[in-house]
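Once you scroll down, you'll see the structures, which are given as structure tokens.
Note that chain A is present in both complexes that follow, paired respectively with chain B and with chain C.
Up next is the complex of A and B:
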């Protein structure tokens, strides 16, 4: 295991994709801060308004990194050499998973450090309590590790590197849209101001009855559908990143538990399938 | 050229990536249309209910398709055989471009068919005139084909298939995000109201617009040369054209079609000249 990890990290330090990912993380965080700093100063908000967007990048960067870096094991035949040398498959998988987890943390760190260095002088500090700030930081790292886990699974199970890369990146993009929809559905208010719809010449307008009692919002999710949406919001890394980015994390412990469950499930499934896989 | 096209088309009709892409785009269209039936969109036409939103996702499909389909030419060394047979690099590139244009038309047709079928079954209709609808459909095809030209360029220039796919998908994603940023910048009002601070109870502060105070210039409103550049990019880039089509806010179809053709020609020329100079090992 030590040899595998050592070889993986030796390759990692020489990987251009890894450094491109680090640069990307720095770029996204800097852009997020610079584009929002005026609004934060005007509205007297905290740094958290623009700080936690990096989990969204990590969720997209991990499939790309794992597809290129771990996919090379199949493409270059390194995996066969490792197995021929007598290394058990679970060790190969676990070493790759550990590497991917470290890379996700490195991407997060690459965004956090310049974010703090640039954000504090630009807009001042956070308006969150120390406990909430720690929860957000830990949760953002957990999102990255969960994304690393599913990316490792896909990279280790799809033998064609190009196909694996396309599948994992497009899946991440599609699930990001699902995450955004879940977030929007759960943020609907329970009660809304009553309004009347007016259609004139194909143009639609709403006449809001201010002062009238609030009415139930038909788009507000209730019962099982709300519970299911909340579960998936906190379970999928592609939707967890939205709750962290928009600082709407109501249940940090739930996110941490479900992120750990997601990591365990994807690792278990990946390991189970990889051990039985016919590696040519 | 004919034999190249014939070989590429033979591969195209047997390509799993084409059919998987078409099915994914059709499902995405139905899902987006299903989610659009809220608020004012219920009584508006199908064009406002995300019908043309497929134009924003087709570039991802073409990026993946070109990377898998044409990347195989380089990674399987088919391209070397084509060159040995006497085909020029220009012919190979043009054949790829034409086949990608055809695949893009299929990628557009699948969501359009699925979206129209789903909408009509749900009693939704288009409120556009038939000329305007035809204009939107033509512009959607032109914008998607222009985006496909960019995917061909990336696939042809990267000898490593996986890196080519990654760059192509990243380019599609960056252009997608860039279009949203441009849309946000260009839709900023020139002036904004002044806000006054009000305190509600303890520790609750709200800002409300004050109608008694004059409006002030919006610092986010782009002016001068910067605005001209932004407006040009908004018309020129396929991702920006796709955003206009999705929101059904195209003012005139002629310039949009012209810019699509211009983008396609420019990218194809650049790709052709770079590919002709490329050292294929």
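Up next is the complex of A and C:
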């Protein structure tokens, strides 16, 4: 395993894709921080309001990175020379997963450093407690590792690099949309002010009178549906990143546990299929 | 005889296609084994299975005495280098970096053998040129150098001269011969270019429809493909008597035809037959090349 890791990192340090990803992480975090600061004149919140957008970037960047970097093993045929040399498949897969996990952490670090360097002078410090801040940082790393795991699985199972790249990026975008929808559904308030539906020129509108009584929100999820939505919000890396980005992480341990479960499941499935796969 | 690779009843089935059908072959140690077969005959599938890229559906193979599925097979594979289809190279790396990568993958303690390998394949002066900018012949030679990392004693080459120019073909041929003669490396090589293969191989395996049609040594093939004239006479016994008297090598094909090897003086032959009251009815020159041998063996179109 050490040999494969050594070879992987030797290649990583010569990879333009990796350095482009690091620069991208720096750029996106800087841009999101500056644009958020510009939009709010009197900033009275902590830095956390604009700081934790990088997990979203990592969730999108990992499929692209794995599709290009790991997918090249199929495209360039170098996977064949590893297998023909008698390297067990599980070692090849695990070494690639470990590399992808480290890259996800590197992308996160590349975003955190300028975020701190710019954010503290511009906005001031975090309003979160040290414990909460640590939880957010650890959870953001867990989100990156989970994204690395599913991206590795796709890159190792789809032999056509272009197809693998497109499939994994589209999947990430689709699941980001699912994550956003889950987040929106769970943030619906339990009670809302009573409003009256009116139709004007065929347009439906809701009129809320000042001081109207609070009534149950019909869009508020309850029971099994709420539990299921919460599960998937904390299970999928594409929705985990929203809870971190919007600092609505109520259950950090649940996120860590489900991120570990997600990583284990995708790795197990990927390994199981890769070991039996006919490599061309 | 000691065999590096043996397959027994090897089968590989894809969804609706039998790529290998009970294929049995033996690659002797020290041989250059030429795998001959037309497109879709199963050559590359066989190489993929032997290299561990795909599992056989049925049957088994043995590499250096280690059977497929046995614990020691991965270790036996360390004695094997392979170039399957295209050379396995990192295009953004130089020749040296490509070899360093393979050394790391194999866990070799140092990179001492890299200059020798580059010299062996004639790529010692490529400097900082990236593999993506190499010619096809250079890529093929670098692919072989990568396969030679770790000092294997069995080299598997799948169509190594495909797409190469005449100069490239000669370079690869000389490299393979050098590896076989100087380093005693056993080589399994598949090729469409039968004429080229006939300049290298010491053993042949003719494969068709996923089956091994025939395995022959180069000597056996030479004997089968020797130049001869096929003679038809009125009295076969008289011809045999005359040929014995003239000290000619021959083989009787049937009760009408005899193959006579070596140069034949027709006037002398006719004169001698005349003394025995035997007439020469026809004489046909036969020159069977590897290609015609192969076509006769498997039939079909000449795309082997």
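The definition used in the following text is that the second predicted complex is superposed on the first by the 270 of 280 C-alpha atoms of A that agree within 3 Å, B and C clash if a C-alpha of one lies under 4 Å from a C-alpha of the other, contacts with A are read in each partner's own complex, and residues count from 1 in each chain.
The rule is short, and it goes like this: a residue touches a chain if its C-beta (ideal position, glycine included) is under 8 Å from a C-beta of that chain, and two chains touch if they have at least 3 such contacts.
In this text the structure is predicted, and so the values were computed from the model without any measurement.
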Kindly say whether there is room for both chain B and chain C on chain A in the superposition, answering fit or clash.
-> fit
Given the touch rule stated above, what does A:180 touch, chain B (first), chain C (second), both, or neither?
-> neither
Look at A:76 in the shared chain and tell me whether it touches chain B only, chain C only, both, or neither; answer first, second, both or neither.
-> second
In the overlay, answer first, second, both or neither for which of chain B and chain C A:217 touches.
-> neither
For A:278, is the partner it touches chain B (first), chain C (second), both, or none of the two (neither)?
-> second
Scan A:169 for contacts with chain B and chain C and give back first, second, both or neither.
-> first
Report for A:2: first if it touches chain B alone, second if chain C alone, otherwise both or neither.
-> second
Taking the superposition as given, does A:85 touch the first partner, chain B, the second, chain C, both, or neither?
-> second
Least Cα gap, in Å, left between chain B and chain C after the two complexes are fitted on chain A = 11
Okay, in this complex, where on chain B does chain A touch?
-> 17, 24, 28, 35, 38, 40, 43-45, 60, 64, 67-68, 71, 75, 127, 161-163, 165-166, 169-170, 173, 205, 207, 219-220
Sites on chain C touched by chain A in the complex | 48, 51-55, 73-78, 80-82, 84-93, 97, 100-102, 104-107, 146-147, 150, 156
In the complex, chain A residues that touch chain C | 2-4, 6-7, 10-11, 14-16, 72, 76-88, 276, 278-280
Please name which positions on chain A make contact with chain B in the complex.
-> 38, 43-44, 60, 64, 67-68, 71, 75, 161-163, 165-166, 169-170, 173-174, 181, 197, 199, 202, 204-206, 219
